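Letters A, B, C and D mark the chains as written, and numbering starts fresh at 1 in each.
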Amino acid sequence: MPAESAAAMSHVAHHFENAEKQRTAARLGMWLFLATEVLLFTALFAAYGVYRYLYTSTFSEASRHIETWIGLTNTVVLVTSSFTVAIGLHFATRGKGRLTALFFGLSVLLALVFLGFKAVEYTHHFQEGQLPGRFYTYPEVQGAGASLFFTLYFLITGLHGIHVVIGMTILTVVGVLAFLGKYSPAYHTPVELAGLYWHLVDLIWIFVFPLIYLI
Amino acid sequence: MNELIRGLLFLPEQLSEHARAVDQLHFFIITTTMVAAAGVFATAIYFFVRYRRRSETDVTPHVTPTAIHEVLFIGVPLFFFLLWFAIGFPLYVNLQSPPPGAMDVYVQGKKWMWKFAYPGGPNSLDVLRVPAGRPVRLLITSRDVIHSFFAPALRLKQDALPGRYTQTWFTADRPGTYEIFCAEFCGIGHSAMLGRLVVMPADEFDAWLAEQRRGLAQAQDAAPGPGEAVLSASNLVAEGQRVAAAQGCLKCHSVDGSRHIGPTWVDLYLRREKLKGGEIVVVDEAYLTKSMMDPGAQLVDGYQNVMPTFQGKLSPPEAAAIVEYIKSLKTPAVRSGPSEGPAYESIPRK
Amino acid sequence: MSPSLASDPTVPAYNARNYLNEPATGLKSWAFTLDHKRIGVMFLVATTVAFALGGLFALLIRLELLTPGPTIMDAMTYNRLFTLHGVVMIFLFMIPAIPSGFGNFLLPIMLGAKDVAFPRLNLLSFYLYLLGAAVALYGMVHGGADTGWTFYTPYSTTTQTNVVPILLGAFILGFSSVLTGLNFIVTTHTLRAPGMTWDRIPLFVWSIYATSIIQILATPVLGMTLLLVALEHAFAWGIFDPARGGDPVLFQHFFWFYSHPAVYIMILPAMAVISEVVCAFSRKNIFGYKAVAYSSLGIAFVGFFTWGHHLFTSGQSAFDSGIFAVLSMFVAIFTAIKVFNWTATLYRGSIAFRTPFAYFVGFLFFLVFGGMTGVALATASLDIHWQDTYFVVAHFHFIMVGSTVMAFLAALHYWFPKITGRTYPEGWGLVGAVLVILGFNFTFIPQFLLGNSGMPRRYFSYPERFWALNVASTAGASVLAFGLVTVLVYVLVSLRWGPIAGSNPWRSRGFEWDTPSPPPVENFDTPPIITHQPHLYHDVAQDPAQSPAPEPSHAR
Amino acid sequence: MAEPHAEAQHHDSHVGRYWAVWIALLVFTFLTFGLSRLHIPGGWGVVVALAIAATKGGLVALFFMHLWDQRGANRLVFLTSLVFVALLCALTIADNATRFPLANPPGSEVPRSQSTTPIGLPERAP
């Protein structure tokens, strides 16, 4: 235990009393950052809410013209990746860096699957002309608000996709560092923070799925 | 008393019951504000003097508030604030609830003019005529960006939203001419988007409206609806001048050669103009007509693409009349150089 | 206790080993510094430059309005100028100046911490500020924008001017603001010195903490909204485009969801400064510590519920307007509580009428009138007349310039000895304060009357009946500018030639004065232990010979 | 904050929790998908879908993100952000629902009462 404490202390910045305080600070900082992420999406969700209220039937009609099975599959994929990240963190707390790397690697693979489905979906939209604003040419859903659905669709899923890419990058970096044995039961804050970020990406998708695909 | 405070505060005339009610609230608020502020400042100044530092070794006691202080600090201002709300908000709701019998006038803002349309078809530009003593509902919309209809004498303001209607209403007390402003920023001509509110005695207004409806005579400031005019070929130039004024062309194009938002019309016909792309065109009938219908297509170098299209807003005879009018605008000694630069510097798009 | 002070406490000493010369003095050591004090100073310099730029734009605007028609420029230039004035003043000066500048410098010291929680993020915040400013300046030089700082659609999405870089600049500046806020909240939660319980936190910190909450919760919404406008302008995605079924009023909701709380981002730090200044110069504990502290949090929270009072004339429903109007009344209460408490603090104090205190007096005046006119505006029916007129312009300048700039100047003078180790000339300071306060009144009181008489804002030309008041306002602006230049000159001179201040020239009992001036790199020579609230004056004899000796209550 | 060893004890039970949460999330995902096929009328479909999404989100936040074990500040931060999400959505939609009907975009499906609809609207702006 003393050796471990020393290892943990080597990560403590000069202005923190101890590792525990530093970890509390890092967690709180991460949660605050996640709050800003939630509010970043809020503007889009509020716009979705308003326009769905104004164009209820057009929006339901439009959501029937996108592939629900892709959304469903992606939800399962992302939820599972969140689960593997949680397991990865569990192994990090036990000092099993290689297992952490394995599970983070699994999550990254699942994220790639997610992006793959997304790409298939986007290609389909491009072919059909289901595009935002001025570029909207899809003949089957017309009328006021039709292009707005797809504008919001691309904004929400696009912004979420960017977050998936960022999250993948973070998971990869942290996974590699874990594989190299940089973390210990006493110090694994980056693993925890990376996990928090990934869970938020999942959390947002959990709301995107019903809003875009189901209702 | 009312007039005295109104003068002190530089408020314009009170043309309606609503204006008077709002001003009463205004006076009440300004009085309480002044009394409260005077109280705070008098206390502060008394403290400045009474408790000024007398020596560098002054010792001060530890003073903390009691519950009564806190209650007073919160309760007194809250009472007044909520009282103001209780007086003010019903007036606001009243403005949103026009009486059932109100006469509808459609108000349309566009860069940079007001168009008013009355029941039965007649419309006018920049001059809103209403009867005194009768409620009038304004249904306000915009053709391009957000404008805001603002009549200070009525203490009335309502934004004009593109593609949809907002409403407000008023009953003007007495005849007279009052100002209309655009209060929402809308571009270069924002501060020139002025209108006049002409309140007429009710019977005069009825007569005026009937006359307009019959289409027998044109009021000086009113134009006929698009496509209604029957133009006589003999007087195309005069018609062109009238249509140009009515459509607002002259807000951007000068007819005396001076610099303005668009190229001047003087000597425009058959002038060689350098376009944005660098090519030179000769301004002929085709170019003039095309520029009215699709202004951005061939833009004169140095000018901005701010002109709205008049496709559908000008009937073919009207467009022809404007072209004839432009052709008539020549200075005796014809200049052949390109037009002067615009009144503002050009802005690169990228 | 620093050795330099030990010899003779009555002679002010300059702390030789301080953050300005340690660990190094080169440009590189500043560019890569993680020291919150240096970052704070860099923010202060950058925001002061922005203030000067915005002030120059303001002067040009006032000159143009000297006559009813065109005076020195054309309408397009005028439209760009007022947009740039707004953007520069709000995003580059008002929002970062006090929190990122003074907050960065003082918040950790007041808490007894060695640094903020995340020093690297802190430096990143500064570089994001520079990047955002650079992008926005690029847009200003290459075409500028003519939308006003409010960017209302569909005007902003159809304008021919180069609005996109300015939107992106504001977006980046938002990130800077978020990072600073995040840092402050975590610092306040985790890095308080031993004994610094929540009820001993200085009021400056309370207010900055409340500001940070707003920065974190509101800024992302603005960022997204500005991005949406940029996307609509560049690619016609049409989220607010009426032609595609979009709702321009929705933009206004989103915009004010940030920008109304942003008003509190600007005013809360000013209140932070004033709470410190009023205690220090009346040598009194604050009257009602809890009331002042919690009212900051109240403002931060309730301030989010009032954004719709900017939309009374925009077609918003009467139902929403009612909710927003009544909640606006409640947010005003918190400000009233503060005003009463500050005034009551003077009671039985020992008031020294120094420059910072002079600015406090100006602040109090402007806040009372700015605040009360704000409540009047929130009554909805009066707003119908005043909305988008010079009344609103005067109202928010009373709050932003009147209150925030007064507080900024008060802070500059109050903490000048702490930051630089030197003092400014007191006589010139008072002259500057009088000029600024009088000039400000002459500038903006006529604008209230202009608004009453119906002159809309953002007017390039105006009917002749508004002429006289406009001349008065321009005259006032020149006095104000003269006063600010006076302040700038003597402050710059004092940086180098000012007399040595000593660690605590005001003999204030704020915790930041317990360390030498300028502070050492780690803020305190010995880690402090806090045993009482700040600004307690009743338990110490105010003997100059004793100060700045360590207070008995400060166990070291 | 819990002591370090107390935290380690917490982690013991976590793996089981993770499995349970994962399965629950999958179940809820298929449940919401299935319910959406039923086309519940009267806007209740939205309520049900959002309720299920909120439940799933709650599970992720509480267990995957460990809010269940953590102290007040983190929970407060997250809850506050949710309050403001609700605030923005609710008040903007409330505006559209209660404003002068013609101030909503043309073609929108908000019920318009006949009394306020003017007859014979002139030309609409594009």
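The criterion applied here is as follows: contacts are C-beta pairs under 8 Å (C-beta built on N, C-alpha and C of every residue); 3 or more make two chains touch, one makes a residue touch a chain.
Being a predicted model, the structure only gives us computed values, none of them experimental.
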{"item": "Chain labels contacting chain B and also chain C", "value": "D"}
{"item": "Closest chain to global C-alpha mean, per-chain Cα centroids", "value": "C"}
{"item": "Computed distance of Cα centres, chain B from chain A, in Å", "value": "48"}
{"item": "Distance from the mean Cα position of chain C to that of chain A, given in whole angstrom", "value": "35"}
{"item": "Distance between chain centroids, defined by C-alpha means - chain A, chain D (Å)", "value": "16"}
{"item": "Sites on chain A at which at least two other chains make contact", "value": "24, 28, 32, 35, 39, 42-43, 46, 50, 54-55, 144-145"}
{"item": "Chain B: positions in contact with at least two other chains", "value": "96, 144, 161-164, 166"}
{"item": "Residues of chain C touching at least two other chains", "value": "189, 217, 221, 242-243, 245-247, 249-250, 253-254, 315, 318"}
{"item": "Set of all touching chain pairs, with the criterion as stated earlier", "value": "A-C, A-D, B-C, B-D, C-D"}
{"item": "Touching residues (chain side chain A, partner chain C) in the complex", "value": "13-16, 21-22, 24-25, 28-29, 32-33, 35-37, 39-44, 46-47, 50-51, 54-55, 132-135, 144-148, 151-152, 154-155"}
{"item": "Chain A contact footprint on chain D (complex, rising order)", "value": "1, 4, 7-8, 11, 14-15, 18-19, 21-22, 25-26, 29-30, 32-33, 36, 45-46, 49-50, 52-53, 56-57, 60-61, 63-65, 70, 73-74, 77-78, 80-82, 84-85, 88-89, 92-93, 96-97, 104-110"}
{"item": "Contact set on chain B toward chain C in their complex", "value": "9-12, 21-22, 25-26, 29-30, 33, 36-37, 40-41, 43-44, 47-48, 51-54, 56-65, 69-70, 73-74, 77-78, 81-82, 84-85, 87-93, 95-96, 144-146, 148, 150, 152, 155-159, 161-164, 166, 179, 181-192, 194, 304-306, 343-345, 347-350"}
{"item": "Residues of chain D defined as touching chain C within the complex", "value": "73, 80-81, 84, 87-88, 91-92, 94-100, 103-105, 107-108, 125-126"}
{"item": "Sites on chain C touched by chain D in the complex", "value": "189, 213, 217, 221, 242-243, 245-247, 249-250, 253-254, 257, 304-305, 308, 315-320, 323-324"}
